[in-house]
Amino acid sequence: MALPTPLRGVVPPVCTPLDQQGEVDTASLARLVDHLIEGGVHALFALGSTSEVAYLTDRQRDTALETVRKASDGRVPVLAGVIDTTTGRVVDHARRARDLGADAIVATAPFYTRTHPREIAAHFRGIRAAVDLPLFAYDIPVSVTTKLPAGLVRELAVDGTLAGLKDSSGDEGGLRRLLVELGGRDARGDGPAPGFSVLTGSELTVDAALLAGVDGVVPGIGNVDPAGYVRLYEAALAGDWARAVSEQERLTALFSMVDVGPEADMGRSSSALGSFKAALHLLGLIDHPATALPQQPLSEASVAEVGRRLTAAGLTPVR
Amino acid sequence: MALPTPLRGVVPPVCTPLDQQGEVDTASLARLVDHLIEGGVHALFALGSTSEVAYLTDRQRDTALETVRKASDGRVPVLAGVIDTTTGRVVDHARRARDLGADAIVATAPFYTRTHPREIAAHFRGIRAAVDLPLFAYDIPVSVTTKLPAGLVRELAVDGTLAGLKDSSGDEGGLRRLLVELGGRDARGDGPAPGFSVLTGSELTVDAALLAGVDGVVPGIGNVDPAGYVRLYEAALAGDWARAVSEQERLTALFSMVDVGPEADMGRSSSALGSFKAALHLLGLIDHPATALPQQPLSEASVAEVGRRLTAAGLTPVR
Amino acid sequence: MALPTPLRGVVPPVCTPLDQQGEVDTASLARLVDHLIEGGVHALFALGSTSEVAYLTDRQRDTALETVRKASDGRVPVLAGVIDTTTGRVVDHARRARDLGADAIVATAPFYTRTHPREIAAHFRGIRAAVDLPLFAYDIPVSVTTKLPAGLVRELAVDGTLAGLKDSSGDEGGLRRLLVELGGRDARGDGPAPGFSVLTGSELTVDAALLAGVDGVVPGIGNVDPAGYVRLYEAALAGDWARAVSEQERLTALFSMVDVGPEADMGRSSSALGSFKAALHLLGLIDHPATALPQQPLSEASVAEVGRRLTAAGLTPVR
Amino acid sequence: MALPTPLRGVVPPVCTPLDQQGEVDTASLARLVDHLIEGGVHALFALGSTSEVAYLTDRQRDTALETVRKASDGRVPVLAGVIDTTTGRVVDHARRARDLGADAIVATAPFYTRTHPREIAAHFRGIRAAVDLPLFAYDIPVSVTTKLPAGLVRELAVDGTLAGLKDSSGDEGGLRRLLVELGGRDARGDGPAPGFSVLTGSELTVDAALLAGVDGVVPGIGNVDPAGYVRLYEAALAGDWARAVSEQERLTALFSMVDVGPEADMGRSSSALGSFKAALHLLGLIDHPATALPQQPLSEASVAEVGRRLTAAGLTPVR
């Protein structure tokens, strides 16, 4: 299906449930997709960082994307992450994503190598030229070490290389500068890149980002509570900022589950993705809470803590 | 004068004008203080990073603080930065600040050394024990390399070591988590640290930060346009978010002057502080635009560009 | 062929020549392999960082490895890089490498994700369990952001998970501590991990590293002058340190070609890999100097400068 | 006394013993100076990082330098650290150092601010112009975040701004490039900066650094075992590399005491400086093992472990 221009709303990065052999649990994934769409989300982002894309083999990536595509069944658009180190490898993923029916693709700056703004520009232009799908830039320096320069994003927005930006940089000041340069909150449609979509991945400041004029949000914890982010988005659209703040505060408290895995035992990916999956499992949405190797599993005590955070946020564990 | 509890509003970090010999230009500094207070600011922060505290000798720091204190003349409280590497050196500055009449002091985590949360806690507790003034923690990882852990700030807020936080970390998500843990936007006064003041140094997202519940802002560009930040603050207080956003967008565009110094020629401090001082000079507020050694001066073309940004923002250069 | 235990000597990371369509130029690659073996190297490392492994598609990786394997024809062992983000993806590469006849595999810590020592250990153990080939850990924090903790390397060396270490961390002090803990220069064979091979990727301090007791070196510039590194290695083996130093100094001057690409125009990968390939092209060893997308090409002036460095080092351009 | 040109040999950064009130213990410091000079060291570096310069107040810095100066009594030259954030503050320290009789001064790049090569050059030139003492650049990115660019050091060496470099960057490859550009191991005296002294602060690779052609070493653990570093230096001078390696290996094992403080409890400064002082205390050289606030003290178990490392290295605790 055609992607709205600009893409707006809540676009969760869909978790990839795994079975006990570490393979994609397609039944759980389909159930999760239903949960998200029923929660009111506006699009789905498959194969993002929260989807454990960096942990999935090419075969597993195909299975996950295919499952999301089929389960969504045209109800909402599907964006697909095409995450790899450099242009040639990303283009391979982009072609697979196209063949599997993705409505748009999402790519990061090059990583593993030491890159440069000129090379990042060539990278996005090379991907766009190779595969005819709307292309989103995924700004995630915590993973790729490079922050996308604001001037570069603007240039690629204006010249049509990029359809949008998923900003997970955490640099809200830089994002604000970009938004102002694109016309500001109320005048972006008349600005130099009218259809360009700006999505924030900073899930704890969505009310603030919507106030500043972003088009939407890609919240990892939105897997667990999609309806909460939809309510937050709608409150902001309606100008009901008190309600938006209140919803954001509840979701921020819920998000604190990412800290249940003790730092001495595991990395932040294990702890964050492990808590999301534990929550989905406790809510009865997926059959197994497993994360992919070499991530470390949460302890029973950590899982119990996730359960308490769910309850405190008004969600009801069934296990 | 006693500091309000919590401290609220616009608290600009006061630039330190220098004369052609590189000494503190006290006449210009007094004029700048008047400009700020007449602009409606709620307190002054002397000897902050924007004040070039890291460039001033101890003697110059004394002169600058004394001048701000005298010029403000009890109209607004004066916070003093006590920026140095570790506890003993900071305590020396804190005692001087107390003797010169500061109403509160502002200290960073230890730097130059490789520190640790336990040491940072001991650092703030040691400063608080040595000098009986309200103590603000200054979270500025770009300068000291360490991000203050949220749990540590909360602990020191709850036990009364800290009177407040000046957050220049740029980590808006972390700030939001802290605000929620302290009770959330509307319930902070009933939370575990009721008088604790949270000020943001992220001057491009002040509307968003006020929406999230911060008490005030410490904007470097507020030297140039204090009245603009006061209008933004008042719009937010009144719940007029459209006006707050509009004011923030104008100030964000104005702030872009920090980029006029080409990266190939100078560091970010030179470019940012140089543009602020060029603007103050063009506005007729200070006599010389000089920054301290070894910062590099802006070119004439860069200064002309600063002038254009002033005009575009509705301010009127007199030179 | 079986890998010597420990692996010793000069093990260049083989550049991957590309044709004008960006595909692997197998004829040039075979010629380069001959050049290296005739230069006296002791093994070949295909699909390393210098081989542009991060830029090659899976199909191109297969072609490159297959070509190196065939061209070397059992004269020296072939190590294959199996570079990817996490365990499952690395295991896929490792299986392909095994099927294509690699004698050993080389893997980094997980990247893109935020990892942890326990996860890194699980990662290497998972790879070792899945594919029965000697496994080298590749410590390259500049690419993967994580430094392999010395204690972890020692643990995995002692328990047999790792056959060796390729240390491109640049942390020579840490490397020395590891060597001492493994028994020291003369007693490593009687130490806790007797067959463990320590190779340095720090090509400018090979004399020093050999003095400290490493087994060998993986020099990128060794593509250009393999015989030089072999002479350096042999001088060190013979205890002729004056000759080793002199050879190292000549190679260090040669290596400065990596700076010919101006920083304003390109990243460090482009400049370094571009200069190596320009040198191989000028020496008549490969047909095209192209690097993979999105790397930027060297200017003519930069290529001319590479030529001057070759001549200064006693090598003779033929173009 | 006049500094030798170039300065050569073992130049320990002198620990600053503290009494139970946290003040400089001048009697212990004088005893330590005797210990070092009797161990055969060639000069003393007061007020370095290992001297806890970042923790000492200006008054304490004066006391420490004065004590070292008096206790050394012209037997060896005394270099003084003049560590502070920017030019004006460093010049203040440099003047005090000169007045207290230092034979040379040692300054880092600016810190706390975001600096630039042009500013670093202006910084060193400004210091040199203000105080007529030989000036050493102290390259310590772990403390100041900036690595001194090799080209800049070379420029300031050639034009006479700098008398030498103390390289604690850990970048041995970069150091090698500098040495080669200055003429190489045997031809530095005929090179572009003939009297320029290159000292390494990388105390675990001193044999390697001397092989590469550095003039001397500034070893923190040299406080504990100065005679060991003098033997290592003399072995290298004599070309007895086997003996140099063996001594380095013993000192490397001794150095591992820096890890006795558990990471969960303290920063790396606390652990390293705490272990050095514990060792000096156990050896009866200083009266108290205290480190300055806010560093955390070693546990009894950690101190016992320091004792075992001393014994293993052939040194004899008296407590």
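Each chain carries a letter (A, B, C and D) given by its place in the written order, and its residues are counted from 1.
The definition used in the following text is that contacts are C-beta pairs under 8 Å (C-beta built on N, C-alpha and C of every residue); 3 or more make two chains touch, one makes a residue touch a chain.
All of these numbers come straight from a predicted model, not from anything done at the bench.
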Message = On a CA-centroid basis, which chain has its centre farthest from chain B's?
response = C
Request  = Averaged over CA atoms, how far is the centre of chain A from the centre of chain C? Could you give it in whole Å?
outcome  = 36
Ask   = With chain centres defined as C-alpha means, what is the inter-centre distance between chain B and chain C in Å?
value = 49
Ask   = Tell me, which residues of chain C touch at least two other chains?
value = none
Ask   = Which word fits the touch map of the chains here: line, ring, star, complete or other?
value = ring
Task = Could you please write down every pair of chains that are in touch?
result = A-B, A-C, B-D, C-D
Ask   = In their complex, what parts of chain C are in touch with chain D?
value = 170-173, 176-177, 180, 184-185, 202-205, 207-209, 211-213, 239, 241, 245, 248-249, 252-253, 255-256
Chain B contact footprint on chain D (complex, rising order) = 22, 49, 54-58, 60, 83, 85-89, 92, 110-116, 118-120, 122-123, 126, 142-145, 265-270, 292-296
